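Okay, so chain A shows up in both of these, paired with chain B first and chain C after.
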Partner chain A sequence: MSKRAIPVAIALGLLTFLVGLLTFLGLLLNLPQLSSLLLRWAGFLAAVALLLGILNLFAVHVGRLFKGNIYSAVLALSMVMVFALAIAERFDLVDGGVNLVFNLVQAPLEMALASLLAFFLLFSGFQLLRRQRTFSAVLFLLTVVLVLLGTVLANNRFIPAGIGELFAQIRQTIDSVFVVAGMRGILIGVALGTITLSIRLLVGAERPYNK
Partner chain B sequence: MDAFVLTVGTVIIVAVLLLLFTRAQQRGRLIALRPLPAYNILHDQIGQAVESGSQLHLTLGQAGLTSVASPTSIASLTILDTLAKDGCANGTPPLVTVGEGTLLPAAQDSLLHAYNEAQFTSGFQAGAAQFIAAETDPFAYAAGVTSVIHHARVSNNVAVGRFGAEMALIASAAERASAAQVIGTDDPIAMALARAVTDNVLIGEELLAAGAYLQGSASQLASVRVQDLLRLLIALIILGIAFYQLFTAFFG
Partner chain C sequence: MSELAGLIIGLILTLLIYSYIWGDNPLYRLAIHMLVGVSAAYAAVILVTQIFVPIYRELLTPSGSDLLTWIIPMGLGLLLLLKRLPRLSWMGRGTMALMIGVGAAIALLGALTGTLWPQVTAVNSTNPVLNLIIALLTIATLATFQFTGHTDDHDEWIRPWWQRIGLAQIGQAVIMITFGALFAAVLNTSLILLIERISFFLTKLAS
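Entry: the complex of A and B
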């Protein structure tokens, strides 16, 4: 670090400590005016960052458009059109245009992608078994089969009630014992990591803002 | 117990432990890290991209720096710092995509710093870090990242940060492109999906320990030791409560 950068680093460290401490005290002592003020500032900065992100997206795709990428042309054109629609709405020239685009284009596309998830998961499960036939891979497949059977056979009138109930109980046990235990273990680890990293940030031992 | 006392107590205990272990590390009582294969593989990613004449793609997820999941994003930015430095030094800077606004300037700053440090001749280009979609549109983000993986000749894919179920789309796109993958996230659903696609998964706290594994400063190593200690303490408390409940159920 150069000599000129040292005062800047110290100032940044102090500012981070001060803002972090004020936010922490605001939340801890239940001072809504203080914490909401700081959160509003953070929200404002996040909004500006989002605007910069949108400009970055537009610039990147306009650049690709000139290299002949047809998908980038569609994206850039769509952005301009939706922006124009929003401006027209602002001046009461159109009513509900942006919502209409969202409901007719974006929402169905996102739902289509979400519905593909099940197929990707199934494919990944088979890939896992093809890649390695270890104990954990077999356990993974066995759990998937049991959970699926537990879901499908419960309350199925073509299956004897006893069998359906057995699989439903197995599924319930997997869910409430193994899955919950595993997830809690992971979340406790994440919480501990978050606490230590946050304290390091607060005291200035970690300075991602000043490389 | 009062929430105030619990919070202040936790912060004080963690801060004191961090200070003690940092001092111990600085005095030469070295803290050993347990080996995590995903971090070893992460170091090889740039080398593989250079050898194959293609690009490393790094996506940072959808947790903003102003959200509660910001520590996850800070850990992913540490990974970006390391990969950007390695990449620029070898003439192959990574291609970075982000799914949240505040991550873009942070990623650009990291890349710019690496470009300058390596005196990279072609200069920094804004497209080296790309914003894909806002955090409210996880599937638009996944679709955008998928498109980048297919069009940018990506041979190595690193996805670190906060992801949800959309992780399945990103990971399977990278798999179809035959890209080597390292995935790190703190979300249990995304973790499960990632585990089905690759063995190189950084699970929750392992991702948050990125600084200790990649940069290894005294305070970063100390924080891993503090986490281990507290985890052991929590495990003992849970076991104690379970045995107490069993005991009272049988004899109480």
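Entry: the complex of A and C
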């Protein structure tokens, strides 16, 4: 580390700690004058960072477009189209152009991708059974089958009522005991990890802003 | 006419995405790049119209925010631009430090009051035995996340005692059951979406 870098690192660490402490106290002690100002600043800066990221994405793909990448051309053109529509909307040249693109292009693509997830999940389930026949994998797939049967057979008029009720009861037990306990354990684990990382960031043990 | 055009565009885009069922192909990649482009640009438009334009309007009104309160974040925002330049990129670190400080404080408070405390104190059932079982299984799940231990005099790896008595193994089984149930729920949802998509196009094309 150079001589100049040390005071800069200390100053940045102090800035992170002070800003974090003020935000924490402002929110904890309900001091909106303090917390809302810092939150608005951070929100604004996050928006600037996101906008710069999007413009960087555009610049990178325009660069690739000139090297003959057809996919980058599609991406850049899609962005230009939305930006052009937004500007046209701003000057009242078109009405609802950006929303039209959202409804015609983004929404169908997102829904198609989400529904394609069914194929990916089924495929990965079979792959798991083929490659890893451990106790955990079997337990995982057994739960999947039981939960799906519990969903499909409940109130199904093509099978005897007793069988449907049995599978619904199994599913209910899995949901109300094991899933509650598992999710709670995972959430508590995530919260403990978040607390640890936040404290490490605030005291300067982690310094991602130096990169 | 516009509804028919929208339907045809939607159908074509959906088929481009579904072409992935036969493996990665140029049509699928085309659709994905289009999705990324439209989503990113849409996000940029929303950012400008919902965040920057209201701030600008607020600054123009006499009773609005003081310009001085926005000079610091605007200056810090401009410094972020310098991160693109290798020699001046260090000047953007202050902005990053501010965002990380505020973000860490929010995450810390959120994790404490929004997740940890509610999850520790939450009681789901009126049956105390069931609550006890859930609490024990939660502890077992948490025991699985212990990845550290210590070594003895012969440099032999020793796991914590709660992992040696099988608590972590029970926790691992609980996690597998949880993931299985979540997997089934996601599979169910995506199947419903798939059926909805197919029936939407079939109904629209038939009418």
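Observations
The criterion applied here is as follows: the second predicted complex is superposed on the first by the 210 of 211 C-alpha atoms of A that agree within 3 Å, B and C clash if a C-alpha of one lies under 4 Å from a C-alpha of the other, contacts with A are read in each partner's own complex, and residues count from 1 in each chain.
Note that a residue touches a chain if its C-beta (ideal position, glycine included) is under 8 Å from a C-beta of that chain, and two chains touch if they have at least 3 such contacts.
Being a predicted model, the structure only gives us computed values, none of them experimental.
Contact with chain C, but none with chain B, is seen for A:21 once the two complexes are overlaid on the shared chain. When the two complexes are overlaid on their common chain A, residue A:52 makes contact with chain B and with chain C alike. In the superposition on chain A, A:6 makes contact with neither chain B nor chain C. After overlaying the two complexes on the shared chain, residue contacts for A:71 are found with chain B and with chain C alike.
By the touch criterion stated above, A:205 is placed in contact with chain B alone, chain C being left untouched.
In the superposition on chain A, A:127 makes contact with chain B only, while chain C stays out of contact range. Of the two partner chains, chain B is the only one touched by A:63; chain C is not. Contacts of A:143 after superposition: chain C is touched, whereas chain B is not reached.
In the superposed model, C is the one of chain B and chain C that contacts more residues of chain A.
By the touch criterion stated above, A:113 is placed in contact with chain B and with chain C alike.
Comparing the two complexes, residues 28, 42-43, 45-47, 49-52, 54, 56-57, 71, 106, 109-110, 113-114, 116-117, 121, 125, 140, 182-183, 186-190, 192, 194-195, 197-199, 201, 208 of chain A contact chain B in one case and chain C in the other.
On the chain B side of its complex with chain A, the touching residues are 4, 7-8, 10-11, 14-15, 18, 22, 64-66, 71-72, 74-75, 77-78, 81, 98, 100-102, 104-106, 109-110, 113, 126-127, 129-132, 134, 137, 139-140, 142-143, 147, 151, 165-166, 168-169, 171-172, 175, 186, 188, 191, 193, 195-197, 199, 203-205, 207-209, 211, 217, 219-220, 223, 226-227, 230-231, 234. Touching chain C in their complex are the following residues of chain A: 8, 12-13, 15-24, 27-28, 37-52, 54-58, 61, 70-72, 74-83, 86, 98, 101-106, 108-119, 121-122, 125, 135-137, 139-144, 147-148, 151, 174-192, 194-195, 197-199, 201-202, 208-210. Taken in their complex, chain A has these residues touching chain B: 28-29, 42-43, 45-47, 49-54, 56-57, 59-60, 63, 69, 71, 106, 109-110, 113-114, 116-117, 120-121, 123-125, 127-128, 132, 140, 182-183, 186-190, 192-201, 203, 205-206, 208, 211.
Listing the residues of chain C that touch chain A in their complex gives 6, 9-10, 13-14, 17-18, 20-21, 29-31, 33-45, 47-49, 51-52, 55, 69-70, 72-73, 76-77, 80-81, 83-84, 90, 93-112, 115-116, 119-120, 122, 124-125, 130, 133-135, 137-142, 144-145, 171-188, 190-191, 193-194, 196-197.
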